[in-house]
């Protein structure tokens, strides 16, 4: 039973350009679902759509979102406020800008407690200190009275997490939670998120552009490109066998020691401007496997395996040329002929290391984050 | 020659500004990225209608800026002697308005003066009556015909205006995007037509204490307002630009000195500073009557000095703004890239910093314009504005205010001055808003 | 980098800051004095002043000398080469007339009255009009701006902005003249002008106050609205909404407090200047405050008074700047004066 | 590189922020030296000090044996900045941007020769020749970074200081730029000082690596040595903190706490307060210990005879 269910969500600008175009996915309780994509692909707008917090000039055009069986888009604004910060909470990319600079940390947390748990005064204060303690802020009784500017970036993000947890949410939406942080701090914050999740059993929608972060945190992944989900799979499936040419290219573009001798397989060109592609696949212009049909017809969603689907003509069932091409595509994306095998990473050798052997970060949080 | 062109100081400055504006426009036209924000301005209907209004005012102001002295009809053809009176092309165009002065107040479109006078009728009886005007509505035999005649003339004029406007709209229809602008052209054409037709026979806005036509006064005031609003920037702009940019870029002692100067200037309440400077100027002018050939030249120099003083007292705000922006810009990576090539400071200032603060200057200038027009009225009212002999909104209001206590009130001169000012300032404000919206990079422009 | 503000804990930073700011004010005030002095004496010699004060009839060289001597204008302007040592600088008009200012000894006006006493008596009427105008204005403008912000991007907001632009395009003179005409002349509600102390004075000041407030609605409300709108676009506001707070609560508990920071820049600096009154309002409504005092002095070319008022204005302005900085520390915990 | 800290009523200088302290490094021709560190460690300051955009407080910069401090040689080294949106003047055409360095340094011959050179530069960085008449806002982030590289190359420098040139770009575009830098190095024999926090990029591009922490270099060596067998606990922690797509099951060193302020660095070894292996000796700042001819580390764990 999924906790959050998003169906055919469309979000667009007032002038009609679709920023988020026909997106569907669902998240189960206790699960981390990652939305992976480059800047401007619409992943943040998807998150804000779920919270019904879109900026001025952007509107939810169609689609349905079910949270715990409640249709969010049918709620009155008043009831939606109960959901926000209560059953679903959100943390943002820039912890430095996302906290109110002139309010103490304690008051900002207490606000949530008052709103969703009716907790006030000393009780709220006590609970705030507990929450800060939980997110690993040292000396919480003192910090609770401090202003955000006193805290470092990593500490601010911990405060944001404490604030999100204050409402005991069932779903946490984390929008690039570590992008603004240094690597050593990023590791701390991601660890905290994993720990929290295993403790509370909440679901998490993790929005990121970093394949590494996905690999270490997500259970399931959706890859977004120019407003659409182009591929969706479990983490194991995606890292073992990415299907969409874009996903494959993303992997191939990663620098690393293994490729030090040769050129990277870069994706030529750049992401098309919003709403500029009226027909055909949005990736067609940059795809080296594209053919005429890709430029003419928008590919439908195709389920390829259990839990894995893709929006690409290479895998389409219907259509005369589709079958042949699809077959070719399948052949090419296999372990043998794909440029992917250039990479010496162990996970690419799918035969030697079954995907299921990967540790589950949720069930075994200690396995990937043991402290030395 | 029957006239001698006269170039007053303010005229020269206006032409200088026009020239600079022309060169600027030509330069912008050749650079697509500079044209871009202007295209955004052009897309706004309010901005374009305001611009239309402003250009009407501008045309009146420019016509009033072409000055000359007419030749007096000499008795012997030996040497042409020129009248000491400096006139403008506008004066010539609306000559009837200028020379048809009544004895004293008369209401708009009135046939008679506003005050009763003792008159002797045909029978020799002395009566207290409202005397007929010398020029207003003289073609009518009695007050009973007035309404019909006014309506008829207004309609005829409006019709002529409609035709002329329609022709104009037909000519420009392809080059104008907004229908609102075309409608505005028609409306203004009709209004001007009606006004012109009535003005030929009446004092449309009445006359003032010495019998001058209020419409004429209002038209003459436009130039004064425009000059205050624009020429002042000639002083403000270079001071603020050079000092602000230099302070921000060089920092150190240059910054200290410049900051000291503007702190001193801005810590003096500006009205006091202006008042003191104007008084000083007045004393100088009064003690040197030999400097000026005509009274117009004297009043004009005072106007120019007023602009200078307003400029000297109002550059500090913009300077502070530019200093702050330059401080930010000098940390930009493209400036550091230029520094790493060893590009000279002067070149960095002119090539990198100044073009990137131009939008601030432009926004500040258009925003200041309306404030300056309003300030002129206040200063002239307080007695530290333009020369009392110069026609301006301020002097009109000042003169009219004295009649507030009169029963019934003489309202038309005040109404005319405030009305014209309101239209001018409102148009300027709306246009300034559109310019700010188009040029300010901080404003979010999704969807455009 | 050097932009890091390093706060100090060893001494009381506020006191150190205040002392430094007051020390910095001295050269500024010297500059202000020099400027007013120069403006006056570049064209106006002491002889001219004497002639003007004495009137055409009584002007004789002796009378001028006597006038100058009585009022201390018989010295050189800046440098006295007749004396040696420190006297070279101190035994001059500039020194004699400026030094006293720094201890608030303003001397006497040309008609022989003590300027300090005059200021003291006229401050009351000035404040009686300026202070209520300021306070009521602040409340009205901020409320109006908040209203527009709450209903931003709706027809109500558009109408509000349009009204603001219209109101700010109207000359301030119109508000005064129109107000006087309507309220005093047509409806006979309050006297047109004049002033009285105590409770009696209420009827005299109410019209100037109302007109002062109305005259500022356009530009001020629009300015506040811009600040609020800018603040509402910031990330922390999104966080507040994500908590489930209602829009009015976001506005009042989060946005308003942050918006105070830019608001203070424009508002606090004028508070000390309220003592100076308003030149325009006071002269229109015949209020015997410092504003009308200044105007009269300008028209009479009374240098001593003008110079004293300029000095007082500058001192109050600098006080306003310092007050602004101090007020920042109250609303913005990030600001530490050092 | 010291920056003053001011205090008190008269704002006397009471101390210095040592943004970069006692750093020595050398880059052979045709090599890439990667300078790795987290934000605020002074790596960007170091790059700017080399270019003398910030005057160093003390020390020497030699280029092919010639002293540069005090008499900078602008054509010898150039910089590529982090943010391609801030590093190009929005009011200048591409041609003007590329020509600026040549005209400032008076090289590149007459204007026709310069125009030809600009065409070549655009070819070299993979942009169409007609882009030279366009303005920066017409280009995407990756294309802008190509323009910035072309600008630096315009004066034919031998050393390019790249300050996080790909951190503002998306992965797919980052690969384009890395490829470009790599092929330019092969083609022109350029040396790079590559400032970054992205270890994957370091692995891909660098020959040698210096790791910085709070203004000092804590470890240096060849890329192989530093990345495969890191010695300094900080380097080890840094490497293990990078999330990797192949990183499952490896041992993770999680650092406690935050980076201290560079204005008040801890006494002794700056890293000691966060170091999982700190000991008493760490109260004194360690000298460099040679692990091999190319590999050295500043840590008491590796003291000879210790």
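Chains: A, B, C and D, in written order; residue numbering restarts at 1 for each.
To be clear about the criterion, a residue touches a chain if its C-beta (ideal position, glycine included) is under 8 Å from a C-beta of that chain, and two chains touch if they have at least 3 such contacts.
Only a predicted model underlies this, so the values are computations on that prediction, with no experimental measurement involved.
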**OP:** Tell me which chain's centre, taken as the mean of its C-alpha atoms, is farthest from chain C.
**Re:** A
**OP:** May I ask which two chains are joined by the most contacting C-beta pairs?
**Re:** A-D
Original post:
Cα centroid separation between chain A and chain B, in whole Å?
Top reply: 59
Subject >> Approximate Å spacing (C-alpha centroids) for the pair chain B, chain C >> reply: 29
Original post:
When the centre of a chain is set as the mean of its C-alpha atoms, what distance in Å lies between chain B and chain D?
Top reply: 57
**OP:** Please compute the C-alpha centroid of chain A, do the same for chain D, then give the distance between them in whole Å.
**Re:** 31
Original post:
So which stretches of chain C touch two or more other chains?
Top reply: 233
Original post:
Listing for chain B: what residues touch at least two other chains?
Top reply: none
Original post:
Can you list the chain B residues touching chain C in their complex?
Top reply: 260-261, 263-269, 271-273, 275-277, 279-280, 283-284, 287, 370, 374, 377-378, 381-384, 393, 397, 401, 404, 409, 414, 418, 421-422, 425-426, 428-430, 433, 442, 444
Original post:
Which chain D residues qualify as touching chain A in the complex?
Top reply: 38-39, 140-143, 170-176, 178-179, 182-183, 197, 199-201, 203-205, 223, 227, 237-238, 240-249, 251-255, 258-259, 276
Original post:
If you look only at chain D, which of its residues touch chain B in the complex?
Top reply: 48, 51, 53, 72, 74, 78-79, 81-83, 86-92, 100-101, 104-105, 135, 137, 148, 151-152, 155
**OP:** Report the residues of chain B in contact with chain D in the complex, numbered from low to high.
**Re:** 32-33, 332-334, 336-344, 347, 351-352, 355-356
Original post:
What residues of chain A sit close enough to touch chain C in their complex?
Top reply: 51, 53, 55-56, 78, 81-86, 89-90, 92, 94, 97-103, 111-112, 115-116, 147, 149, 160, 163, 167
